[in-house]
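These notes are about the structure you will find just below.
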Amino acid sequence: MNKVGINMKSKFLEKLMEIVFFISACVSIISVILICFFIFVNGFPAIAEIGVFKFLLGKDWSPSNVPPSFGIFPMILGSLYVTAGAIIIGVPIGVLTAIYLAKFCPKKLYNFLKPAVNLMAGIPSIVYGFFGLVVLVPLSKNIFGGNGYSIITASFLLGVMILPTIISLSEAAIRAVPRSYYEGSVALGATHEYSTIFAVVPAAKSGIIASIILGIGRAIGETIAVVMVAGNQARMPAGLTKGIRTLTANIVIEMGYAAELHRGALIGTGVVLFVFILLINGIFSVVKRRMA
Amino acid sequence: MNRLSRLSRLSRLIRYTIKFSAIITFGVLFFIIVYILVRGIPYLKPSLFALEYTTENVSLLPAIITTIIMTVLALLISAPIGIFTGFYLVEYARSGNKLVEIIRITTETLSGIPSIVYGLFGLLFFVTALGWSFSIIAGAFTLAIMILPLIIRSTEEALLTVPNLLREASYGLGAGKLRTIFRIVLPSAMPGILAGIILSIGRIVGETAALIYTAGTVAKIPENLFASGRTLAIHMYVLSSEGLYTNQAYATAVVLLIVVIGINALSTTISKKLTKGNIDG
Amino acid sequence: MRSRFDKELDLLNNELIEMASLVEKSIENVTQALIHKDVELAKEVIEADKEIDNMENNIEARCLRLILQQHPVARDLRLISSILKMITDLERIGDQAQDIGEILLTLSKQNFKRDLIYLPKMAEATIKMVKESIDAFVNSDIELANQVIEYDDVVDNLFVTIKDELITLIREDVDFGEQSIDLLMIAKYFERIGDHAQNIAEWVVFSITGEHAGERKIQD
Amino acid sequence: MDKIKIENLNLYYNDFQALKNINMSTQQNKITAFIGPSGCGKSTLLKTLNRMNDLVEGCRITGKVLLDNEDIYGNIDVNMLRKRVGMVFQKPNPFPMSIYDNVAYGPRTHGIRSKRKLDEIVERSLRLGAIWDEVKDNLNKNALQLSGGQQQRICIARALAVNPEVLLMDEPTSALDPISTLKIEEVIQTLKKDYTIVIVTHNMQQATRVSDKTAFFLLGELIEYEDTEILFSTPKDQRTEDYITGRFG
Amino acid sequence: MRSRFDKELDLLNNELIEMASLVEKSIENVTQALIHKDVELAKEVIEADKEIDNMENNIEARCLRLILQQHPVARDLRLISSILKMITDLERIGDQAQDIGEILLTLSKQNFKRDLIYLPKMAEATIKMVKESIDAFVNSDIELANQVIEYDDVVDNLFVTIKDELITLIREDVDFGEQSIDLLMIAKYFERIGDHAQNIAEWVVFSITGEHAGERKIQD
Amino acid sequence: MDKIKIENLNLYYNDFQALKNINMSTQQNKITAFIGPSGCGKSTLLKTLNRMNDLVEGCRITGKVLLDNEDIYGNIDVNMLRKRVGMVFQKPNPFPMSIYDNVAYGPRTHGIRSKRKLDEIVERSLRLGAIWDEVKDNLNKNALQLSGGQQQRICIARALAVNPEVLLMDEPTSALDPISTLKIEEVIQTLKKDYTIVIVTHNMQQATRVSDKTAFFLLGELIEYEDTEILFSTPKDQRTEDYITGRFG
């Protein structure tokens, strides 16, 4: 009798909680729908009004001109340049550092360096940006000339900022490689270095690539730090030592005071950024599927 | 003889390259930290911690309090939803299920969206559409959505590391799903989930772009949830972009760094403490 | 599992001992029957052989099952394989007791012409051998086993003595011919029982040391 | 009466037929061993006996499995079924909690709360699992700190604590060293008098040592089902003979 | 590993067949020696027994090693355990051939009083039994094995005939007593060889079917 | 002459002495088996033979290990040593690359670049590993897609490709099903004529089947080292007897 009672009650609870869990699971779907909806609904009319080609490929961004001109091509290029620079600087160093941490680092030192990497990941971008502003900008001015706010400065800063992402994920991927690969190689008479590079790292390939892609995503999406060091001139890139404006910077700088079509154009910039990120995510999930 | 030296020459080259990279990475990191500490610590004056913000003292305290409120609020919204979603994905959904696919895609999408886009969305939805104007609550909801994928992901991963053997054992004893989840799976997954939550805190504390146009930049302790307020990160952004308070910005950077270091330390101790005893699984 | 195996080994041991004691009993009985010309006892011995054969089959099956199930090695394997062999010898001893019993049935129909002096002695000697070989097995007593192996010569010599005795007797009395053939048969059977006892003793040695005690006794 | 009776059982994983028209039955207090090459469906069949295959996606069944003449795929409470038909897994899988809580988990699930009663059950189960003496002074120790063999005995005790009638074991010793294996086999032997046991093993020696009857499977079919001794000494089917003598494949 | 095991089993088989053919040879030789009163041949037979004993030891060791290493089951185990038993029988046949040889040595010193008619017949019959039991083993021929088992009755009957014959002869001639005892012994040996051949045939049946062909022959 | 000779070998993991004064030697073209209960030091001793224990932190050695009369702990090139003394591990561990690249990995490491030569080595090694026929049409297939038993034979082939003199195997079949196990044992048998082989196994039956000599270890000590047949039929030490008959522990 009692048993049956327990069963009935627990059956009801089971069902109820399943529903609760299900509703929770739907929240993220709803969120994405809302985000898409609001960004696109507010962005598309403006893009349509400006004209898709004019908007995407237009080389002139002068919202306060009469008539205003809303071409974001310079910003698209800006984002791409800065990201490419960050990859060139960050990826080799990041991956090699990950290898160092996973396979070369003495244990005592590791206990110190690993938290350091975590710290690096945790440092807010505003702090990086501030550091760039007070250290890198003057430094770049001295070395490369110009006013210091430049593609190089931004690339370098972003390169540093994506290091922890690449290092942590790559290191995890390398560590996840079964020790047996390494032992198998060493047992064949290969050296530690040879075994690491030719047996262990290839086995972690997909994890490392995934880390790089994530790093790229982070670089494209980074806002505050770039704003503080890139100069933010809304013009076609004029050289590595010259300033530039990225898509993210465009939004954050002008959103505060923009209205009407200008505001729509900024949201449209967000749409473009959003699409970029979707593309990168798509690539990421393809890589991840390969990995499995 | 020759072969041997080829192998060892190659090995040496590899070793040097790797060490060189590591030196660069950690050199830069330590330079940043040391530089900021050296420049910032001298300006950590008591006046920075005054209850009231004025343009004279540029007090941090209101920002700190706002940050704490913001963190708690965002977590209160996000953590249960995220953890429950994890439960649903791992314990209930069958792998062929379309819904699961969709949820996976959406969480991945959410986690890739740049914070400035969250900021835009918050501005359009919470601030404008819902009419909450620049407010703590608008900021918190924006952040909650932003950290949701992090919590879902870490919950999911933590649940997945709980060996199926344990679930089977529980079902095999005639236990139902709920009991299995709460008595067997959750305790084992707790460290992973907590680690995810702590990471989220880190993100909230450091976030700028998503908050500028949702929570606003008012430098007072907010009176209620619908009042505007600035977190530490925004505070620093404002200080540094105004260009007048560089020294105070250094000091704020120190505080932020200390908070981040504290959070990191906390997360490692917690996960260590919780993993002790159930090493294997 | 070991404990189950040990239990099974114990059972096996016990069964072997039981079979051995049946066999002992049989040759004792047949000896008594011989001395006292006791037909009933002889019949009993003949009956008992069935039981002994049964036991052989059981023990053999048990040995094979243990080999199948337990994969014995070292001492265990030696023990089981020794037992597998010993039961053949025991069974043969049983057979021979039965054979003697059957001869006694015909003999007793006639009148015994004479009592042989040496035959009972020989019977006693073989009984001693069988008993001691079994004792050696039960107590894992290598020394005793070796004594049994030695002692077989005594029995062999007794057989030669009896044979000579009989030939003399035939010469003295032709009618004794038929009986003497039967008596010689009996002596021969005892001699063979001695051989089998010796074999058992040798298996005992093997099961303990893993080595065959010299070449096994091979002639009848 | 047959404790378990399997009638015309077919099992599909999506399109793949993993079990083909199985018919067999097991008696009370007997140990039945399932042997066969990897992938022949031993584990699958075992899991059908307490419906653990319900947890497997895409798994579909036709035919009947009767426990005490009642179809377990009929209208019954699965949790109650699993209480009656306990299971021990290949890899020892104690919960990450104390030894006591591990064993008490099942009874608590089924509503037993009284401390005294739980104590009693825990002790009885641990004794049956032949692990009581080794752990009685350390019942609060985390079960994961025990050795593999001890863990497996804890798992057996845990399964016994809910007082099942049938005990299913899927290669319960394959993750253990030989000595722990012997210990477990001994436990299985002693459990026989109270339980009906079905054990999957890829170790034929183990099957000969512990089981009363043995079923040999090949590609989802039940090839031969016989007294263990007979199956291993005079198998009827050539395929059985080939497999047990190692001539297979 | 199976292929190695199969190789070993082949070797074992071959050795058994070799041993069996040695034993066959011995009884054939001893029969010839009996018929032709050939002392040399008798001596050869006595010599050959050593070789047979050796082979028995080797085969036995090989069987135990295979049991130890390969954990045979089913047919393999039956084969090995049958061989383990068969060699005992073969060895006994060898012994008995040797024994007959030894009697022939003494007999030939005297003059044979008479030629027995039935003894060579009996010898032939037992030779046939041994041969066929081995053939049955080589060809796994259950039918032939069963024929051998049947045929033992023929040999047993022959023994009774010979015994009666001898008793009559003793009555006719006292001096024949000693010789007749020896001849009876020889007949007895042949009868026992027949028994052992029957046993072999039964082991053949067991190794193939796993079942004992009725109760094994148990009386001498 | 002894191929491997171990003299007064002691091995410590930090303070724990895992091997105690080991003395033994192995001849060319013989298969030596190490048996003993878990933790007795079998794997440890095996690893000392090609200095894989160098990879273990806190591991310290006294005594000598002579390979062809040369002390491998003396002044020698460890990589060359490991080329001469190959190793096959418990769990098959092919690299995540093609079958061809797996086998060619070792030769490439040691500087062989010629495609023709590599082809030759790969084929010869795969043949020796008794896996050539199964994979010859699929040399570009990822080795991880093979079954466990095939993977293990690939690993054996990989070890053979650098042309070692000694082959060490640490429980090479413990992760495999019985049929794959038999195949591997067969390979080991055929390799015997060209290599000196040392195999660790917790499976005593395997030791009796494949090895010429067997060494029994207990708590880091070498208790008995004998011809396999003798050790398993008439062991001299009571502890050996207890272990092999399962009376241990």
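Residue numbering begins at 1 within each chain, and the chains themselves are lettered A, B, C, D, E and F in the order written.
In this text, contacts are C-beta pairs under 8 Å (C-beta built on N, C-alpha and C of every residue); 3 or more make two chains touch, one makes a residue touch a chain.
Quick caveat: nothing in here was measured; it's all calculated off a predicted structure.
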**OP:** Hop across touching chains from chain A and tell me the fewest hops that reach chain E.
**Re:** 2
Original post:
For which pair of chains is the number of C-beta contacts greatest?
Top reply: A-B
Subject >> Inter-centroid spacing, chain C versus chain B (mean Cα positions, whole Å) >> reply: 90
Original post:
Which integer distance in Å separates the CA centroid of chain C from that of chain D?
Top reply: 49
Original post:
Roughly how far is chain D from chain E, going centre to centre by Cα mean, in whole Å?
Top reply: 52
Original post:
If you average the CA atoms of chain A and of chain B, how many Å lie between those two points?
Top reply: 15
**OP:** Provide the list of chain C residues touching at least two other chains, using ranges where the numbers run on.
**Re:** 1-2, 64, 68, 71, 73, 77
Subject >> Multi-chain contact residues (two or more partners), chain D >> reply: 79, 110, 182, 204-205, 208, 232-233, 246
**OP:** Quick one: which residues in chain A touch 2 or more of the other chains?
**Re:** 190-191, 194
Original post:
So in the complex, which bits of chain D are touching chain C?
Top reply: 182, 185-186, 189, 205, 208-210, 229, 232-233
Subject >> Contacting residues of chain F [partner chain A, same complex] >> reply: 50, 52, 55, 57, 79-83, 86-87, 89, 91, 93-97, 105-106, 109-110, 155, 158-159, 162
Original post:
Which of the residues in chain C end up touching chain D in this complex?
Top reply: 1-4, 64-65, 68-71
Subject >> Parts of chain E lying in touch with chain D, wherever the complex brings them together >> reply: 1-2, 5, 71-78, 209-211
Subject >> In the complex with chain C, residue positions of chain E that touch it >> reply: 49, 53, 57, 64, 67-68, 71, 73, 77, 81, 84-85, 88, 91, 95-96, 98-99, 102, 163, 166-167, 170-171, 174, 177-178, 180-181, 184-185, 188, 212, 215-216, 218-220
